[in-house]
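These notes concern the structure reproduced below.
Chain naming follows the written order as A, B, C and D, and within any one chain the residues start at number 1.
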Amino acid sequence: MNTYGDMFRVTVFGESHGRAVGAVVDGCPSNLPLNEEDIQKELNRRKPGQSIFSTPRKEEDKVEILSGIFRGKTTGAPILGLVYNKNMRPKDYEKIKDTPRPGHADLTYKLKYKNYDYRGGGRASGRVTIGHVIGGAIAKKLLSYTYNIKILGYTVKIGKIEGDFSYYKNPEVFENKESLKSLEESIEKSPLRCPSTNSVEMEEYILKAMEEKDSVGGVVEIVALNVPIGVGNPIFNKLNAELARGLMSINAVKGVEVGLGFKSAELYGSEMNDEMYFDEDKNIKFRTNHCGGVLGGISCGTPIVLRIAIKPTPSIGKKQRTINLKTYENVEIEIGGRHDPVIVPRIIPVAEAMVAITLADLMIKSGFIHPCSL
Amino acid sequence: MNTYGDMFRVTVFGESHGRAVGAVVDGCPSNLPLNEEDIQKELNRRKPGQSIFSTPRKEEDKVEILSGIFRGKTTGAPILGLVYNKNMRPKDYEKIKDTPRPGHADLTYKLKYKNYDYRGGGRASGRVTIGHVIGGAIAKKLLSYTYNIKILGYTVKIGKIEGDFSYYKNPEVFENKESLKSLEESIEKSPLRCPSTNSVEMEEYILKAMEEKDSVGGVVEIVALNVPIGVGNPIFNKLNAELARGLMSINAVKGVEVGLGFKSAELYGSEMNDEMYFDEDKNIKFRTNHCGGVLGGISCGTPIVLRIAIKPTPSIGKKQRTINLKTYENVEIEIGGRHDPVIVPRIIPVAEAMVAITLADLMIKSGFIHPCSL
Amino acid sequence: MNTYGDMFRVTVFGESHGRAVGAVVDGCPSNLPLNEEDIQKELNRRKPGQSIFSTPRKEEDKVEILSGIFRGKTTGAPILGLVYNKNMRPKDYEKIKDTPRPGHADLTYKLKYKNYDYRGGGRASGRVTIGHVIGGAIAKKLLSYTYNIKILGYTVKIGKIEGDFSYYKNPEVFENKESLKSLEESIEKSPLRCPSTNSVEMEEYILKAMEEKDSVGGVVEIVALNVPIGVGNPIFNKLNAELARGLMSINAVKGVEVGLGFKSAELYGSEMNDEMYFDEDKNIKFRTNHCGGVLGGISCGTPIVLRIAIKPTPSIGKKQRTINLKTYENVEIEIGGRHDPVIVPRIIPVAEAMVAITLADLMIKSGFIHPCSL
Amino acid sequence: MNTYGDMFRVTVFGESHGRAVGAVVDGCPSNLPLNEEDIQKELNRRKPGQSIFSTPRKEEDKVEILSGIFRGKTTGAPILGLVYNKNMRPKDYEKIKDTPRPGHADLTYKLKYKNYDYRGGGRASGRVTIGHVIGGAIAKKLLSYTYNIKILGYTVKIGKIEGDFSYYKNPEVFENKESLKSLEESIEKSPLRCPSTNSVEMEEYILKAMEEKDSVGGVVEIVALNVPIGVGNPIFNKLNAELARGLMSINAVKGVEVGLGFKSAELYGSEMNDEMYFDEDKNIKFRTNHCGGVLGGISCGTPIVLRIAIKPTPSIGKKQRTINLKTYENVEIEIGGRHDPVIVPRIIPVAEAMVAITLADLMIKSGFIHPCSL
């Protein structure tokens, strides 16, 4: 339930205002160079307080590796990555403990588990994704070390504002080392992790929502490069199915697409099908990549292209109607202001992590990476 | 890899032009009344030849249950459902065996497994979903018997033609027993399984594509009713994540949405959040169902609403460019005409099956259904 | 529950007097030469009626492979091996249906599942192990094809009669190709699968028990040769732990030993430890093999040596006291004579099968055999 | 690989001389009262330095729970139990790093993983079982809270000295609350956890071995009381098979028996079978418990009786022959004295833990304990 992956397994733990959060990563083969910095740099990308668009909660999110590394390399034993919570304010949540927030997991957790750690959403908090990112950082290192695989997420839409950059609009950017590097830089520089030229419009859109004590959602695209042909095991372990599961298990994700996604439904077969050809060196190539890198559940060598729909953050300052589970009354609430008006940019490292973990797991299961030792 | 589910497990087997296809269903609790007719009626809905829009391959798809039933009820032992293939024409595929069809799994299977049973796509054929439907029929019976759960799939879009019926356009239809029954009837009567009044437009759209030896895709909506509050186990066993995985593991599915899906990304938090209230009997109710029945990965008692994007059938008669893996030449192919110009209506029972199996598995894992005996 | 293995997975199905028994084997890599004869020869070794010491039930146990093979080789898809039951006599069991047989699963199955297929023990019958043997035959072929691994089981004890042949008494027999071949022959020739020179004593012991309408048990030793160093994944996927689980899941097995087993507990460390040395070619060798081929849960290159204790067949003709679940009376029963007075020789192919499946699964998981394609 | 259990899952991590050891326990239902003391008391029983028969390594083994508890009760979220290592002396192991100790995992880990944390055996150290005990303590609490289940382990043999107390010698002790309590006390008082009257003989036996710088093994019996009828899921999830796997995954265990174990092989069916009867209140009873509480892989309501063979500790001061992996020479070693001359008494809490975790997992899977919330 809190473990993801079969051969490369990430078990996450911790609550928003508990003592610590983190992950145990099991199944990483030995001899992978790995240190805390590899993980820290990914956690820093997820950290709150990176821009005015995120919660001001102050957390260093400093990771400690407590097992599984010897002389700078993995040993094949489980790796515990731990982050102690610092800025815990459990009292902030006392007043909302009986009034489940609309759009939140408060109600379902409370009814399912009875003893619900409601402080900051407890287990249902986005803070739990620190564990995902720890697992993802290790998976990314493994994928990069063995196959030079690169995973890149960026915002393509905020609310109703569609960006002018996306894989299908600008596929050539992903084929060139230079342009790829500059893409990466522009993503990391943008507070919304959006490389589109119209990202300022998006920022204004969010600022307007913030004035109304409201929140916005968006769409993120994730591209994985250099995945070899043959990853994914039909029928029920298909690469796209596992990726969909991984991405949909991130809070706030309401839709997942592979390749052209819902657009595919509108095309004719003759438009959709990616024709193949041999290039001059007799390498197999595709004229297009409408499939998004997956055919029959197996990677086909082209970039893997995914998109996820992220709903607006449910915690908003605006007045909302809800129920009081103690008094059985219909009531109104206004949620205090420590929340992200847009979670999209901070979800990106989490989405990349889930793609990385899924790929690492499937590449071991498909025989591309040795399960025990590099 | 060919097993789906942890506690309610469906293992599918068989090839398009092999001797048989089917499934072993393990983990169905004992004492569920079950007979071959329960399965046959679902297989009939998936069968080829139901309309002019499907392949003319002649298959009775007659299921035999070979184990796990005693005196008309399950025993808790694995249930083998077997369908012998009758209309096998392996020779039809000889000419395409070295020229992978664009948009198909031919290439990836061939490169991954080397010994690829290319006859009719072998293991990658839609025929394999007979196993899914067998598993789904048993899951449906279990869900209906224990919680009166109903799973309903229907077409909401074909190519560029959007239907005028959908859950969000007509939510009231799902609240009333009579209207629900008439909805079901109109679905089953329609060759496209489309209850929209403009479904004739869709049919014309397909006929036109058929004239061009082309194919079309579409969008299917699936609604599950009467799922109790509490199904789904965060973090990585979320109801929506498992459903996404199950649906995305169906061939041709390129996108999955829950609730408002990609539409959510465009809304403000105040628009998206489903407010709660107590009705007169102090039952918890939601004013809207934008979330599609899932909050924090756990069912919240409202209808579960899913949508999947289905790409156009890749097998088309139109000339296409591809490669010859034996001669290393770039070539052209025209695929013979025994294929569905639109697979959407036949995918619906398969999608319902995946939803049913996922729900059965999670309801056992969430403690709603006893794992061993009813 | 009815699936064994994670990467090489065997799902067994069927009842003693149902329509069929068999297995679906998933995860066997493609390109392994395999035909029905490979499986049939193992089933023949398990078949009833091979000697006066086994049940006279007449079953050909003819296997049909219905999927997963193409042009004489595996394709990586699941392999269905099916055996139709022929000699079903459900009526024989009517009189015992309310009086659970002592030492049998009748009572526990009945209480756990309520709807218990009591005919011949139904699902709890030894007949179900046909599925194990099908899975084991494929695993054996895979192990032999890839690493020339050989798995050899034989009786070392019947009742109180200990045989004079065992691995620790005659280790040299296993080092020499000629002596090994002659060992195999003497095993297969013996009705008890016992290569000891005093096996006639054992036969007399059984005959005497048969006269008393009683049954006997015994001890089986299983040796696996040529397993490379490195198989098994600590902490909880240890080679010995998985083997113990596999063997203990065979009906009637009450104890499992690895290497010197319970004898180890009596030794001093200096006696037990297997000292290492380099031979002339600088190969690592062990002076002894007290550990039975496993150190720290990982194979160490020496023969894997296992022993299992098999209790006497519970079905005996002798009068026994039991209960009537319908009348709530204490009663006496005498069970009809169609049962094996000693199940030991027929369990041997099943035990070998479980060892083979366990090894195949772990060798894939440990990276020795490619998970998808040879 | 480092996770045990399917529904109640324990993931262990840490190395002997790394920064910390511990476990994440996932799948414990919410609302179980639990605090650090529940775990600490079990860790104290496993701790080194309890008697002259154990290693003098000084470790407090103080556990911290860092997640999963809220207001003194579990929440259904994963529980992280962490123990920081204090007394690390990595330098002690420098001299043996190239000379694998006979009977140890040094060689197999080194060859399998290459980057082997050899300090104190690293991952292969008994210290790793702190994680097992943390998981076991939570499982014990769950079993005791829900079904009043009690798990009791004790020494029945040390080297060649057989104790005069065992379940089959003294079954009546387990039926009476008073005698059971006094049994428990006598176990905890004994440095060998041996309630036999001749345990002093055993102590002398060990002392003599210590003088020779040698070590001894032994046999432990574990009894589980109050397990209800119906736990265990055939065919491959049998209670006895899972228990065998769990126990065999403890380092140094070379054999496992259920009920009469290897003794069963010597009996006639009429001796072995446990006859049933109705007592005056029409409860089902067994006249004997030769089966050790399991019939057909399912618990039958009688005490579950298990025995494990523990080999002598491989680390001994006596001179031994081995190899130098760096110089390729045959060499001799004498291992420094910080090791347990007998590990048997300290393995007992670990064995109890594995039995408890196995039972907790199977009782959830068999529907006896709700998977999410008590």
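Simple rule for what comes next: contacts are C-beta pairs under 8 Å (C-beta built on N, C-alpha and C of every residue); 3 or more make two chains touch, one makes a residue touch a chain.
Since this is a predicted model, take the numbers as computed values, not measurements.
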Next on the checklist: According to the touch definition, list the chains common to the neighbour sets of chain A and chain B.
Outcome noted: C, D
Checklist outcome for this item: Contact-pair count is greater, between A-D and A-C, for A-D
Checklist entry - Between chain A and chain D, what's the gap in Å when you average each chain's C-alpha atoms? => result 40
Checklist entry - From the C-alpha centre of chain A to that of chain C, how far is it in Å? => result 46
Checklist entry - Mind pulling the chain B residues that touch 2 or more other chains? => result 1-3, 12, 112, 123, 230, 233, 365-366, 372-373
Item to check | Interface residues, chain B side, partner chain A - complex | outcome: 1-4, 12, 100, 102-105, 107-109, 111-112, 123-124, 128, 157, 159-160, 209, 212, 214-219, 229-230, 233-238, 240-249, 251, 254-278, 282, 284, 287, 291-292, 295-300, 309-316, 318, 320-323, 328-330, 365-366
Item to check | Complex contacts: residues of chain C adjacent to chain A | outcome: 6-7, 230, 233, 365-367, 370-373
Checklist entry - Contact residues on chain A for chain D in the complex? => result 1-3, 9, 11-15, 18-22, 24, 26-27, 30-31, 64, 66-68, 70-71, 73-80, 82, 112-117, 122-123, 372-373
